[in-house]
Amino acid sequence: MLKGIPSILSPELLKVLCEMGHSDRLVISDGNFPAESMGKDSIVIRLDGHGVPEVLEAVLKVFPLDEYIDEPVSLMEVVPGDPVETPIWDTYEKIVLKYDKRGKEAIGHIERFSFYDQAKTAYTIIATGERALYANIMLQKGVVQPEEQ
Amino acid sequence: MLKGIPSILSPELLKVLCEMGHSDRLVISDGNFPAESMGKDSIVIRLDGHGVPEVLEAVLKVFPLDEYIDEPVSLMEVVPGDPVETPIWDTYEKIVLKYDKRGKEAIGHIERFSFYDQAKTAYTIIATGERALYANIMLQKGVVQPEEQ
Amino acid sequence: MLKGIPSILSPELLKVLCEMGHSDRLVISDGNFPAESMGKDSIVIRLDGHGVPEVLEAVLKVFPLDEYIDEPVSLMEVVPGDPVETPIWDTYEKIVLKYDKRGKEAIGHIERFSFYDQAKTAYTIIATGERALYANIMLQKGVVQPEEQ
Amino acid sequence: MLKGIPSILSPELLKVLCEMGHSDRLVISDGNFPAESMGKDSIVIRLDGHGVPEVLEAVLKVFPLDEYIDEPVSLMEVVPGDPVETPIWDTYEKIVLKYDKRGKEAIGHIERFSFYDQAKTAYTIIATGERALYANIMLQKGVVQPEEQ
Amino acid sequence: MLKGIPSILSPELLKVLCEMGHSDRLVISDGNFPAESMGKDSIVIRLDGHGVPEVLEAVLKVFPLDEYIDEPVSLMEVVPGDPVETPIWDTYEKIVLKYDKRGKEAIGHIERFSFYDQAKTAYTIIATGERALYANIMLQKGVVQPEEQ
Amino acid sequence: MLKGIPSILSPELLKVLCEMGHSDRLVISDGNFPAESMGKDSIVIRLDGHGVPEVLEAVLKVFPLDEYIDEPVSLMEVVPGDPVETPIWDTYEKIVLKYDKRGKEAIGHIERFSFYDQAKTAYTIIATGERALYANIMLQKGVVQPEEQ
Amino acid sequence: MLKGIPSILSPELLKVLCEMGHSDRLVISDGNFPAESMGKDSIVIRLDGHGVPEVLEAVLKVFPLDEYIDEPVSLMEVVPGDPVETPIWDTYEKIVLKYDKRGKEAIGHIERFSFYDQAKTAYTIIATGERALYANIMLQKGVVQPEEQ
Amino acid sequence: MLKGIPSILSPELLKVLCEMGHSDRLVISDGNFPAESMGKDSIVIRLDGHGVPEVLEAVLKVFPLDEYIDEPVSLMEVVPGDPVETPIWDTYEKIVLKYDKRGKEAIGHIERFSFYDQAKTAYTIIATGERALYANIMLQKGVVQPEEQ
Amino acid sequence: MLKGIPSILSPELLKVLCEMGHSDRLVISDGNFPAESMGKDSIVIRLDGHGVPEVLEAVLKVFPLDEYIDEPVSLMEVVPGDPVETPIWDTYEKIVLKYDKRGKEAIGHIERFSFYDQAKTAYTIIATGERALYANIMLQKGVVQPEEQ
Amino acid sequence: MLKGIPSILSPELLKVLCEMGHSDRLVISDGNFPAESMGKDSIVIRLDGHGVPEVLEAVLKVFPLDEYIDEPVSLMEVVPGDPVETPIWDTYEKIVLKYDKRGKEAIGHIERFSFYDQAKTAYTIIATGERALYANIMLQKGVVQPEEQ
């Protein structure tokens, strides 16, 4: 553990977040996501037993979202016809707003298989134990501003 | 790079500082210190080209000093009879004071060969390019307080 | 994740718990414990961001305590004169009782440095993010009875 | 060994089953299957000397079948004209029914070379010593329901 | 699998049995034996889910017992006062007799902690899932006679 | 060395032969064959100083030839116009006949570059020191029959 | 550290610069460049906390620029319409002139995505902590002349 | 294979013989010698299926015996009272004489357990398939004379 | 060092030359050749500080040139219009003639970029410190004749 | 190769010289020295085919000798009674004098077995092909002065 850094960020996760650069992507996946097979060319970091929101909150404390694109945060679009509710998205919007003034505007939705394709080329996949549906979320790293250090 | 974390802390160094626990020791060594041979059982992290003060300042921003012992910071005692001046120690005192209210009181001096013996069992040695004399410094990690996260 | 197995048990932890045998010891350590340096000869598994009780509960669901010794559970004795309270021990007693009929009787207390010495030879150390004091706990594995499978 | 987990599931197999996610596939192969060459991009786990049924039974105790597709279990179609009998399939149907209410309906048959192609992209291949003919079986992992843990 | 070689002997086990030489020792351990910690300096081979007798029978088919010592087979002595029965020893005697004309005479019993000490320096430990008590057995390899090949 | 297994089969070769399955191919190459470059995706096992016939004989003692194809043994066709004699092929025929009732009928000849292409995808290449011309030989593994163990 | 060699050149960087040959390319990247993902097929060397100019100066002291092409130094072209200023380029010109008589003439500008494509095939990427905009720079190694040693 | 070098010397063996220096020792062991366990701190090279004499002859073609000690060749003394014959020693004497003018005089005999102790500290152990008794032989490397290259 | 083998052939080079087979290619490159990047799929062996001729001479002492093709030795064609002299080629011709009766006839010249393409698929690249121009040379290994050993 | 650095210093050697610190020792050994066995705990760097003087000269160009001890250069004392001449020592004295004003005074002689003991704890051993007698030399690294960079 370190001062000023959320303790949920494991040593290895901290290293990986730090070595990512502008435009690298990160997936925080739910407990049933096939993180290991999707992430064969990525770095898979396990945070078993945690939910996505607490991980998202901790990550955004140190990780800037890309300001050069409109929607640096991506969620998986609900499959047409699926009556599922996605209350966890509201939670995500609130967390994003705490760390990026664009808030909800910074969040886009992409079609399921496009999401998978992008996940396969992400720099990192964090595997959580989240149980909510449609909970996977992808973040694109922005530039760390000098005044932020 | 990450928000709120000094950019001189490399990804690997951040990982190592984070995985250290209460009572683990860290050496920030000068440019002529035999870091690789002293650190055969440690993790040696190279920060070539940097001075010790800038590394010390960055480390202390995230790394608490041990409050369970009187002198969690150690310098190498000047060899009796050696007329050398150690102005860099004043710099160290000021930096320590910024992050630990004990300031100078938290700094002890140990005999040269004891210093080497303790360095050999440190968890990490950071090898800098510092040119000042008697510039090696050893830190013992304290407890991260809940209110610090 | 698997059916019937707590999701906080990561794949690697499950593997390690399974390969341990009768009399092997396991430490669940708090967030400031020097798990990596203590565990140089052990397998260190990180469960950053979790508390010890939730890990203990999940471990005991699959991990039998040794019935051949009186106190297969060990806590670190309070240092004489230290006025600290240890409310987390009550939580531990309740959890142990759920999985072992001996309950509190199965829990012993050992002197601090003996605890450290035994931790160094444990098979595994699980590093959590627990903030409570005197929260480290050591378990000795028992025999899996045929009727338990 | 662990409480409540079949002892035939080796530590490494338990780890792999646990890290698989929704839609990852697993092959339990017979003793003559070229598991190592088919599995160059998979994780091959050896359970020499065991038959497929006992492995299948143990796996299904912890591993949910995919409910999002009709036939999460696949057998290799008998080559047209081959008069072989496949009594082991009856055994498989009974075991599947114990763990998935769809029973026999959840089992599909695919052409031999398609089976091989899918086996090459499976996450894991378990190599057994099974001697029965047409005994290879492929399972697609489903979602672990919260109430199952 | 290979012609003339029991299929329970995994490829790796076959390799290890073959590379052992005169006087090297092998332990076949039960399911609760701490094989991984005892075998830190050995090669541990897992045969989860099997009993010791079937492994012993397969091993002795290819592995000669040392004829230069009286008791190349060792069992762990029953702790004085322990009323336990050890019916599995009878099974062992019959199996040994099939492959070594000395039969029961080739089997010795050694005190528990001596057994552990010798296990730690064995060349290999085979971890089975055997549930019987006092089932661990140690074999010392003999010379392969030219007429045996 | 092991009882009943030819001593020329090294521990590693035994392991590899055992882990091969139905339809995997094996090349026994002569002393000038570029085994390491051809075998970049295979397992190369060196038996320097031996001839191919003695290796072939030992391999066939434990390794069944594929009965599902007509010619599980392949030799490299003599380049048209090359007046070379290939007396070693007679030796091969005799050895094959000892272990497979099809004898010479089980041996096919394939064009030189096709041979090389197939060698590159073989599971294993055994590099011998054989000096005879056209001595490379490729074997396709068959099914181990239950009565053979 | 070594005599006559800038101390900012770490041991590993020195090794890599030395093993590069004529026409191999090197990128010195700024602090937000995705060095690790761009450099998956390269050797990534971290010099966190340093600016590009001090690294460039040290590298050119030992590293000749290619004299067989016109512009062995490449900068990333300003995206058309971007009003950004690039004062660091003047610094680069002065440094290049100190070590290569062509000075500014040796510096070319390439379109952003071409720059990225070339960076991916560079032999090495040095990741600095530089904060200036458009600060990435690529160097192509030339021939070391005999009179230079 | 190479011109002028016996083909029984495998690529790896050639490398090891070449990197040995003055006073390093080499054991050529018979087929029942526990080469892997004796050689835990050595480099073990397998030449399965060969006899010791053919290996000894090939080794001595390139490997000088130490001329600074009287008996650079060591055999294991016959255990007092053992009526065994050691005809292979005559073969060894003839081979040594071909490469070292001291012949039989260069060969000493050491007590069995001393032989084992020295074998454990040898640089290399070559494991052959030799069946003769008392066939293990140890060689101490000498100085390569300039006129020998 | 070994008797009868040039001491410039390092242990590792000797191993690699020995494991190469008929038709494998070897490049001896000059000091500015990008050996490490060209050789990403090859084995790169460094002989820093040596010239090509002394390495060529030593290699040819043990390495036969391919007699099945006309020009087993390749030099890089002088770029049309380049007035450079290539006196080192005369040296190469003399050395080749000492070891292959075809002498100069065995040497071909190939266009620069074809040379690079072939270098990339060579089995080995030896990186020397040669300063002469057009000094890179490629050799194709031939068959070792029985009478040569 | 690099500008201003002798080309005989290989990339890896340059790295190792650079990472050594004050008081670390380096051995440059002759061609018969058992460098690999002496250097089991050191980094062994091979410079086969070179003499010690050319290596010594290149090393001293970048490597300062320790000024805190009287004799940072050590040679192996001639064994009493040995009439050998050591002309190479004169060469060493001249080379040392070029780089250290103490010249011959900086060179000490230590007894043979003490030399071996110190060699075993050296940071690096450079194995050359030197043929002269008593040619091994050991250097202790000094402090790099700021004005030297």
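As written, the chain order gives the labels A, B, C, D, E, F, G, H, I and J, with residue 1 at the start of each chain.
The criterion applied here is as follows: a contact is a pair of C-beta atoms (placed from the backbone, for glycine too) under 8 Å apart; a residue touches a chain by one contact, two chains touch by 3 or more.
Going by UniProt, the chains are A, B, C, D, E, F, G, H, I, J = Fucose isomerase.
Nothing here was measured: the structure is a model prediction, and the numbers come from that model.
Among the other chains, which touch chain D (Fucose isomerase) and chain I (Fucose isomerase) together?
In this structure, the chains that contact chain I (Fucose isomerase) and also chain D (Fucose isomerase) are F.
Using C-alpha centres only, name the chain that sits farthest from chain B (Fucose isomerase).
Of all the other chains, the one whose centre lies farthest from chain B (Fucose isomerase) is F.
Across the interfaces A-D and E-F, which one involves more C-beta pairs in contact?
Of the two interfaces, A-D and E-F, more C-beta pairs touch across E-F.
Overlay chain A (Fucose isomerase) and chain H (Fucose isomerase) by their C-alpha atoms and let me know the rotation angle in degrees, rounded to the nearest 5.
Roughly 180 degrees of rotation.
Determine, among G-J, A-D or E-F, the equivalent of interface B-J; equivalence here requires over half of the contact pairs to be the same by residue number.
It is A-D that repeats the B-J interface.
In angstrom, rounded to a whole number, how far apart do the mean CA points of chain E (Fucose isomerase) and chain H (Fucose isomerase) lie?
Distance between chain centres: 33 Å.
If you average the Cα atoms of chain F (Fucose isomerase) and of chain G (Fucose isomerase) to get two centres, how far apart are those centres in Å?
Those two chain centres are 53 Å apart.
Centroid from C-alpha atoms only, then distance chain B (Fucose isomerase) to chain D (Fucose isomerase), rounded to Å. What do you get?
The mean C-alpha positions of chain B (Fucose isomerase) and chain D (Fucose isomerase) differ by 54 Å.
Note the residues in chain D (Fucose isomerase) that touch 2 or more other chains, in rising order.
Those would be 1, 6-7, 9-12, 19, 31-32, 144.
Please categorise the chain-chain contact pattern as a line, ring, star, complete graph or other.
other
Please give all chain pairs that are in touch with each other.
Every touching chain pair, ordered by label, is A-B, A-C, A-D, A-G, B-C, B-G, B-J, C-D, C-E, D-E, D-F, E-F, E-H, F-H, F-I, G-I, G-J, H-I, H-J, I-J.
In the complex formed with chain A (Fucose isomerase), which residues of chain D (Fucose isomerase) make contact?
19-24, 123, 141, 143-144, 146
List the residues on chain F (Fucose isomerase) that touch chain H (Fucose isomerase) in their complex, please.
Checking each residue of chain F (Fucose isomerase) against chain H (Fucose isomerase) gives 1, 6-13, 31-32, 46-50, 54, 58, 129.
In their shared complex, at which residues does chain F (Fucose isomerase) touch chain I (Fucose isomerase)?
31-38, 131
Looking at the complex, which residues from chain A (Fucose isomerase) come into contact with chain B (Fucose isomerase)?
On the chain A (Fucose isomerase) side, the touching residues are 1-7, 9-12, 14-19, 61-64, 144, 148-149.
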